[in-house]
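Both complexes shown next keep subunit A, but they swap its partner, so subunit B is in the first and subunit C is in the second.
Entry: the complex of A and B
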């Protein structure tokens, strides 16, 4: 059965199939809230895969070197480092607890042996350095091997400490803490292509930071109205352009995207481009605005397109055309008739993310029932797959899933009413160059790879 | 004009069809109630999820627009004028309540954890920060409407909430600043605005149930049946 060609590696456009590779996380039916994965991100090379969870922890997986004796099996991802990034905080002034949930992780491009990433909760962004230590110094003059200070009178000669190999230790240390700049909840961070600055966006404001400076940030977008009673729109996501360091976009709860150029003015309240698709009057309902609210925006690697995710669809926009998207993909159109129930149980407010493959030929996003969808932009083929323990045998090929929208349900199809809306796939990531994907299903992380026929 | 006391059901009053004229109006009322509940639940948090709040508030406004259009639209020829006037006033009262709810969010800025002297350079030209002693001028608009509406509805707005235990609002957590605007007005508006706009709102389920029943049109005495919400 044909899958969606990622084309990220070599053979682009060939039909291939997705196989199960690994799953991380507890198997328990009882899911601890703190273990729920809230963000997934590959680094620039794809060798590292980071996850953040509701408990404020970051787990980084590293891809093992390819095994020469089994050339057809790709390297596995194993735990490289685990650390507590954010702790719950108590704001005494407002008498409220600030959640430690990691909202986003973004890697910095690697510049030396160490790895750097930014992680953020609702209020504070932190820059973490992850470094390896495989040597230690022995033969100190002033202290013993176990660290106790030596009696100075006992020291009769000086020696030069020597480096000795030790078991590899991976250390994570917070290098910068960027705090107190956001009144509202941070939803996005994005590293600039200049590798020196980054932006952080909350519901009403976007700030620009320099990675070296923590006590100041520059406010570049502010949509807070003078009277809060006039508030009708919030910022939902923001991202820097991958190549033009002066350009960024931000999306809103009204389904619009604004592209801003920081060269035009210091406060980018006036956009350079405004992307909005006119509403289809035939499908207008009470929920039109809610389902048009954009939950994620991602530039293509090429920088020529951007993709937005709203509740029912994914849209690809050409940056040169503001009045409508160039491509629209329906993720789960069968939910349109269920919007009322989904509003009642708040599912309609779920924020799904989306991602591009390395060559921008395919896009992926999640859905309910642990389903996730992939769309091939060239062949226009789409596929629905499921992240489940049942299909978790090593290198087992994933079977395409189908939702029955009405009429007779075929064997292997699942009806809309049987979908489990508690099993939502909000976070997915695609390896930057290869056909390897990471899918977060509540507290489990699934890794799938292609199997070239 | 409505007589004070027992509120008669809409169908009875207009002498018309108690069934909703428009099939979609029936679900609209329950959606309206659900939305109001969501709004209250959102406001229970000291820092509500702003996206959720704004989307629900906008949806409520949309429903309200629809109801206003229906109220002003094709009506039974023998229906008295007073209900539609009252409808409009109740609807605009609802609208102003939504606005007032959002207005309270302006206080979030004042209570921000950022130190004031840091907030300025950090946030650049940040939006208008509310003075701690908020003057009543900006909020006079929506609440004034309520006070002028009440004489027409003859304290019926107050009746909606009279059975709700307001002792929970006499709470130390209320900062005096957020109430200063409300203090300018009479008792009728106070309980109404507190009930609808309370950021510290902790209506428990039984009170909410009662409120919903009243709004939907379940209960008699003391209750002002929400006749505009069909």
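Entry: the complex of A and C
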């Protein structure tokens, strides 16, 4: 059964088969709103996998060291740390309720033994330090082993405390809080390749921060019109270029992408490049603009391409060509004839993300009914897989799924009308170097790996 | 840009081209869906991606009312009946007055994520983090996890 070529060295062409590895989260049918996963992100090495949820909590999983006695099982991901990143707030001045939902998590490159990540809700970005402690000092002079203060008059000699090993403790502490810089709701954060700065984007503005400085940020993009009645588009996503620290892109609700160069001016309201696919005016409809809204933009690891996700498709753009994408992949074209009901139940506004594999040879994005799609850029093959408890046996190979659009439904196919639109896969992540993927299905996190040997 | 295009689509409905358009509507699924939507909601605005839709997006989170707005609205309609919130509570208030029933229920207390709790349920009691943001500059310890 043909799979989709994954990362690793060399080119595409090798077919891999995706197998179930793990699933995290509760099984019960009644899903609490707070448990809905809102972001998933591997760190630079892929050893850590972070999730954020609507309840403002972050859970970090760590990959276990590979076990030589079990060569068929690649390292599993187990809980490493968990903490409450954001709490619900109320802005009394504006009568605004601020959700604690974690919109995005971005890891910082590792520079010492500790791990750092940025997590953000609608209004506030926080820098978290996750560090391990496996030693403890014993033999203090002024206090007992259980922490009680010793009577200073009873101390007759001095001793030097010694470090003794202890059970591993993982601590998470907030090191910086970047607040009060966004009037509108933050949709993206992106760490710069200079490892010193990062950007945060809301519906109308993009700010540039220095990781050390919390009381100031530079505003680098402002698309707020003088008269709000003239508002026609909002910023939907933004990202720094992976290698050029002066370049970033932002996407809009009108399906356009602007590339900006911070060297050209302090305020990047004028773009350096403008990416837009020309539209056939005869096919324009009420839904055209809504489904063209870009929900995610991601640079390729090479920095040569970028990928955008709109409601029905994923497009790959060459940064050197602004007038059209170089590749377009249909995610669920069969939904085009369901747009009326998708508008009524608000699903048309769902924001799907997309991701590249490590070698940029494949891309992945989610769909409905807990389906997710992978496209091989070299072979042009695509596959639809499902994240479900039914196919959750260890190392069980995932069977490709197919949606039936026409009249006759074949066995094992599912018809468009039977799709569950409440089971949406909005967030997926691909390990930076290996064929391991993390898929968030509402309140469950699935981890799939390719079959070894 | 969107204004220019909607003008074009309106022009299409002249006598000669009407039959072509009707054929096109059958062929292009999007247009058929649009016709369905317009049949259900005849008052739907001409600019779907325009101001109204975006303003609604920008105002997400606005839940409570301003007493000034409330009194202004009351004064404006002293003879008419006070309106209550419609199905859409998210519009800027001033024209409708929320009632206690419309306010969302208080959020439940913060507990550990089930993603973390599924393996060691007993070791994750609910923990209160320091809420005072001024403390962030001192290294405050977060949750301790014993593996």
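Methods note: the second predicted complex is superposed on the first by the 445 of 453 C-alpha atoms of A that agree within 3 Å, B and C clash if a C-alpha of one lies under 4 Å from a C-alpha of the other, contacts with A are read in each partner's own complex, and residues count from 1 in each chain.
In this section, a residue touches a chain if its C-beta (ideal position, glycine included) is under 8 Å from a C-beta of that chain, and two chains touch if they have at least 3 such contacts.
Bear in mind that the values here come from a model prediction, so they are computed numbers and not experimental data.
Visitor: So if we stack both complexes on subunit A, do subunit B and subunit C clash, or do they fit?
Guide: clash
Visitor: Classify the contacts of A:158 with the two partner chains as first (subunit B alone), second (subunit C alone), both, or neither.
Guide: Touch partners of A:158: none, neither subunit B nor subunit C.
Visitor: Applying the touch criterion given at the start, work out whether A:216 contacts subunit B, subunit C, both or neither, answering first, second, both or neither.
Guide: first
Visitor: Kindly classify A:113 by the partners it touches after superposition: subunit B alone (first), subunit C alone (second), both, or neither?
Guide: Touch partners of A:113: none, neither subunit B nor subunit C.
Visitor: What is the contact status of A:149 with respect to subunit B (first) and subunit C (second): first, second, both, or neither?
Guide: A:149 contacts neither subunit B nor subunit C.
Visitor: Pick one for A:171: touches subunit B only (first), subunit C only (second), both, or neither.
Guide: second
Visitor: Under the stated touch criterion, which partner chain does A:96 make contact with: subunit B (first), subunit C (second), both, or neither?
Guide: Both partners, subunit B and subunit C.
Visitor: Under the stated touch criterion, which partner chain does A:35 make contact with: subunit B (first), subunit C (second), both, or neither?
Guide: second
Visitor: Kindly classify A:287 by the partners it touches after superposition: subunit B alone (first), subunit C alone (second), both, or neither?
Guide: Both subunit B and subunit C are touched by A:287.
Visitor: Looking only at subunit A, is it subunit B or subunit C that touches more of its residues?
Guide: On the superposition, C touches more of the residues of subunit A.
Visitor: When the complexes are fitted on the C-alpha atoms of A, one of 6-14, 42-50 or 132-140 in subunit B overlaps subunit C. Which is it?
Guide: 42-50
Visitor: By the touch definition above, which subunit A residues appear in both interfaces, subunit B in one complex and subunit C in the other?
Guide: Comparing the two interfaces on subunit A, one with subunit B and one with subunit C, the shared residues are 94-96, 184-185, 203-204, 228-234, 253, 286-287, 289-290, 293, 340, 343-344.
Visitor: Which of the residues in subunit A end up touching subunit B in this complex?
Guide: Checking each residue of subunit A against subunit B gives 91, 93-96, 123, 180-181, 183-185, 203-205, 207, 216-219, 222, 224-234, 236, 253, 266-267, 286-287, 289-290, 293, 340, 343-344, 346, 349.
Visitor: Which subunit C residues qualify as touching subunit A in the complex?
Guide: Against subunit A, subunit C makes touches at 1-2, 5, 8-9, 24, 28-34, 36-38, 40, 44, 48-51, 53-55, 57-58, 60-66, 104, 107-108, 110, 112-116, 118-120, 124, 127, 129, 131, 133, 136, 139-147.
Visitor: Contact residues on subunit A for subunit C in the complex?
Guide: For this pair, the touching residues of subunit A are 24-26, 32, 34-35, 37, 51, 53, 55-57, 59, 78-84, 87-88, 94-99, 122, 128, 167-177, 179, 184-185, 203-204, 228-234, 253-254, 281-290, 293, 336-340, 343-344, 443, 445.
Visitor: Tell me, which parts of subunit B touch subunit A in their complex?
Guide: It comes out as residues 27-28, 31, 34, 38, 45-47, 49-52, 54-55, 57-59, 62-63, 66, 99-100, 102-106, 108-109, 111-115, 118, 121-128, 138, 142, 173.
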